[in-house]
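Lettered A, B, C and D in written order, each chain numbered from 1.
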Amino acid sequence: MINTAVIGVGYWGPNWVRNFAAHPEIDIKMVCDRQKERLAKIHPLYPYVTLTQDLNDVVTDGSIELVAICTPVHTHFEIASQCIRAGKHVLIEKPMTASVQEAEELLELAEKHGVHIFVDHTFIFTGAVRKIKTLLTAGEIGDLYYLDSVRVNLGLFQHDVNVIWDLAPHDVSVLNHLIPSQPEGVITTGADHLGDGKADMAYITLFYPSNLIAHIHVNWLSPVKIRQMLVAGSKKMVVWDDNQPSEKIRVYDKGIEVIRTPDDIYHTLIQYRTGDMYAPKIDTTEALSVETQHVVDVLKGKAKPLVDGRRGLDVVRILEAAQASLHQRGKEIPL
Amino acid sequence: MINTAVIGVGYWGPNWVRNFAAHPEIDIKMVCDRQKERLAKIHPLYPYVTLTQDLNDVVTDGSIELVAICTPVHTHFEIASQCIRAGKHVLIEKPMTASVQEAEELLELAEKHGVHIFVDHTFIFTGAVRKIKTLLTAGEIGDLYYLDSVRVNLGLFQHDVNVIWDLAPHDVSVLNHLIPSQPEGVITTGADHLGDGKADMAYITLFYPSNLIAHIHVNWLSPVKIRQMLVAGSKKMVVWDDNQPSEKIRVYDKGIEVIRTPDDIYHTLIQYRTGDMYAPKIDTTEALSVETQHVVDVLKGKAKPLVDGRRGLDVVRILEAAQASLHQRGKEIPL
Amino acid sequence: MINTAVIGVGYWGPNWVRNFAAHPEIDIKMVCDRQKERLAKIHPLYPYVTLTQDLNDVVTDGSIELVAICTPVHTHFEIASQCIRAGKHVLIEKPMTASVQEAEELLELAEKHGVHIFVDHTFIFTGAVRKIKTLLTAGEIGDLYYLDSVRVNLGLFQHDVNVIWDLAPHDVSVLNHLIPSQPEGVITTGADHLGDGKADMAYITLFYPSNLIAHIHVNWLSPVKIRQMLVAGSKKMVVWDDNQPSEKIRVYDKGIEVIRTPDDIYHTLIQYRTGDMYAPKIDTTEALSVETQHVVDVLKGKAKPLVDGRRGLDVVRILEAAQASLHQRGKEIPL
Amino acid sequence: MINTAVIGVGYWGPNWVRNFAAHPEIDIKMVCDRQKERLAKIHPLYPYVTLTQDLNDVVTDGSIELVAICTPVHTHFEIASQCIRAGKHVLIEKPMTASVQEAEELLELAEKHGVHIFVDHTFIFTGAVRKIKTLLTAGEIGDLYYLDSVRVNLGLFQHDVNVIWDLAPHDVSVLNHLIPSQPEGVITTGADHLGDGKADMAYITLFYPSNLIAHIHVNWLSPVKIRQMLVAGSKKMVVWDDNQPSEKIRVYDKGIEVIRTPDDIYHTLIQYRTGDMYAPKIDTTEALSVETQHVVDVLKGKAKPLVDGRRGLDVVRILEAAQASLHQRGKEIPL
């Protein structure tokens, strides 16, 4: 059994408590939160779990091997550092830290103490993303042309971060997972309509080698909720509409082909291809349950980590650069 | 009666022939096209119209007052110049010209010869755009926060222009019509996947005063067709989905309100407002028919031109700057 | 405080346990189920509740005033009878009983013992149905023309009842709630594709006075899930699409008007009216929570019951007649 | 060349004129209509066609081999009789005649005079129906369970026929084309809300051998336009949504399987199967163009007629029975 604790049971933490409690190889031993009312909600559901408002109780409990950290971003570094120093593996809510520097320091610390950092990029473990990854790996989509992600709805405005740090970690982590190469630069435009200095909408362009381009539109001020990603390749194109209750992934046998004849180098002939569309069945297991199993497999030495601290750092680096570009009104920031 | 001619009856020109033919105060006298087969298709429908392959026939016919120019963009300047010099009003397909310089020269020429330049920004005359304009003018939407336009589908790749010059004139002309202020700068990113130097997808950000921002996504390489514009204001938000057979315009009583208390200047309280949505009935008259009537009204002195040469120039200026930004990998181009 | 018990915690019962537990004026004292594993799931969530496999424990506990009965339909009568005889109010899952006779006997019994029968027609308490009812009562829809309800998806096949008894209670209870008059007859067609004598799809037509007609399509064998009701009146028409995450209710200002001129009695002139559509904001409070408050209000004498035993009987009578019609291949059964 | 005439150029006739004019092996010689204004609209488009208000001109022109009859239903019999007697093939708008008796007489007459009767069941020639037919023939759908067709929208109210004769010919002709067996009986319910004796909505159930059932909902009084058919079989299920601009046909690998074990005859185990969905590419050629080619092929002896007079009669027989059932408030009418 792996002994675990969860720190922070506001919005997302309770999901980790529930998944830890449900896994046969995990014991959830302790839950920590500064707010008593949150702990009070945990008690009737998991009466056997020790509750505490004091982070130190978690850090000093030698039996706890893995700590899930579900607190606000600006606290990740401090809490994770303490846990790692106490020799515990950590599973950190996305984004991993509030800055590249913090992420790099955590990585170093984890290596020194020989522990794992997991970053909770939940979407990687959804049936939808796993299916797209499978299609890409199998070569069914061909060479990637572009990825276009739209994640917009009304609110919730965050008090501590702007819309980039709030919503874009999802998109960036998925892009990093799907695209084999690294982005070379980022340009972000956006606006702040409340005048509090925190952008409520942003357009992020990521440049990759070989003309591959990715674009993310994140927005807290949209009247409609859109969760859509286009993944276009030379062979097929995928539309992932996460709002759909079923058929979230649609694969289109559509594309263009360029025909260049040797005797007429000045003309290219473009042919369109429009074939069938299909919506593959996707696994509907809760992503967090898949992720929990993955964490167990890694800790037992049966699997390599999919989203380790390095992956977490990659995301933070892009977010930091995207924000820097935004603050310089769209100047390209190299990555 | 206003005597008219149409030059170029490829894809769009026949619609002008049909609308001119149908209007009781317009006589369609001549149709000109270099390709005989196109003229052959016009004949049985309008046997009374003179057909010619020679542009000069139009220019030298003193009875023709108005000429619709529906030829490729790079020919607009030359053809329009000849018509204007011959004292004729011109109605030019969008975009008005291939460059700002050409547009400015045409404007000067038209002023000198005392003729009207109309630019065929058809969308301005649709029921949908007229309804949004009415809502804006009536103050129902409040202060504008942003406009976000997506115009993507598969093909048709153009041989002479990139996707910006092909698709974005629609969006830019609508933005210019709806937004009272002028954009101050533009940033464009995009990519060319065929290697022929012509972008097939582009993301255009336009910066306006007062934190107003507009964004356009045009794309020839999308597996699905999307024609959607979000118009978000401080009071209401509009979604215009042009793909819908009905209820194209939806007005959402949604938004946020920032409450700042005098005694606590460090905190802002954000309140969400989610009320009814309604889809106003919109006029379904063919846009070209409304536009034809408008042209007649202007020529008869009954109305001021909605889309004159200056409006056409405004669009070309933005397209040219957007392309310049694209070619400099997203550097902001001031407007 | 109202002392309550819940009998049957399979699929639906736990929702009543949760809502009883959450209400400040209700004490949930006992939960009863024959299956130990189900009780085991209740315990950690509500450790203070007495668990029992013996129905008699509930019946003989003099402190329990209200019993929610969430067992299979064929057991409703027997369990409810025992509870009523013991002087307890009962809240019975839909459909109330397996036959009209059983329902009538329960009604008589309840009257004799001076207790309330509530039937859990949950949809009556949803924001959507409450909104439609409000529109109807306010006269906004006009005279009712027809109601058309489609409730289809794949499975779940029930072992003890056919698709009519499984799905149609929802539709029938909503129709009974919305339509002021009583149906006069029913015709049902359908089919059984598994050969086990239980229809898996059915089409139910209900005839009301004044040319009002209602139709229900229930189906376990549909590849797509549809939950849609049309409510058409002389003034407006409503579409209730319960699959939509938002804007479930759309009100169309559409209709026809018949103009009869006195001098030409042979001709009627029909005019179409197509105006705005709007989607009113609807209350998203959980229906069961609204229903719980309603039950409390009735027991405290503050409200009249919306869905009492008589309402439950009305639904059972229609289901029984619908099934009788189905078994006679669509013969009309008077109501 | 096949010499043709078209009688009746109101709503649908002009489409036949256009398709006849476009076909290289057809000459459109004459167009006949009582209303001068309708002929006036034909003239400029087809100046070479002889126009007449006198049906006799068509009948007595010995050179005309094929006559398309696009007049109101109640005139089909008389006009077709005259044409057939004059030795001409006829292509009759759906429904073929206003009664079974008329249809049978026409069949007899055609046989006597050795001419073809084509009935214009256009949907049979759409890419969508051809694709479903192909899937059925290939055994991909398995044994048919049911077909469910919904064809509802607002208007247009017809003056001479009720909603069954107006809309259901489409559905019935498609059902007859797709289902190998003949229906054995029909039950129709419906209502007339204008009080003019003509139903404006109807629900038609058709019973086939082997528990196969078909249902049609036709309605002139719906606020939304629905054109949807479910085709459910033992192997796969098809949804045909004719309102979709693309992906009209969706094939679901969904279904149920019943497992009966020899040792436990009282229990059946039902298993669900949910696999991929796919939307096959369908031919988008105009149905009338496909149909025109088919008529030419039949007349040249190269193909057997798909929709001959007998097929037309089959549809009329079902419509007549459906109406008879409606007028007897849903009594089953054997077929």
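Convention: a residue touches a chain if its C-beta (ideal position, glycine included) is under 8 Å from a C-beta of that chain, and two chains touch if they have at least 3 such contacts.
Bear in mind the structure is a predicted one, so any value in this text is a computation, not a measurement.
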Far-end chain from subunit D, centres as C-alpha averages: A
Selected interface, A-C versus C-D, where C-beta contact pairs are more numerous: C-D
Separation of mean Cα positions, subunit D and subunit C [Å, integer]: 39
Distance between the centres, which are taken as Cα means, of subunit C and subunit A, whole angstrom: 42
Two or more partner chains touched - positions in subunit A: 274
In the complex, subunit C residues that touch subunit B: 247, 253, 274-281
For the subunit C and subunit A complex, residues of the former touching the latter: 44-47, 225, 243, 245-246
Contact footprint of subunit C on subunit D as seen in their complex: 145-146, 148, 154-155, 157, 185, 187, 189-196, 201, 203, 205, 207, 211-213, 215, 217, 219, 221-224, 230, 232, 237-239, 250, 252, 254, 256, 258, 268, 270, 272, 274, 329-332
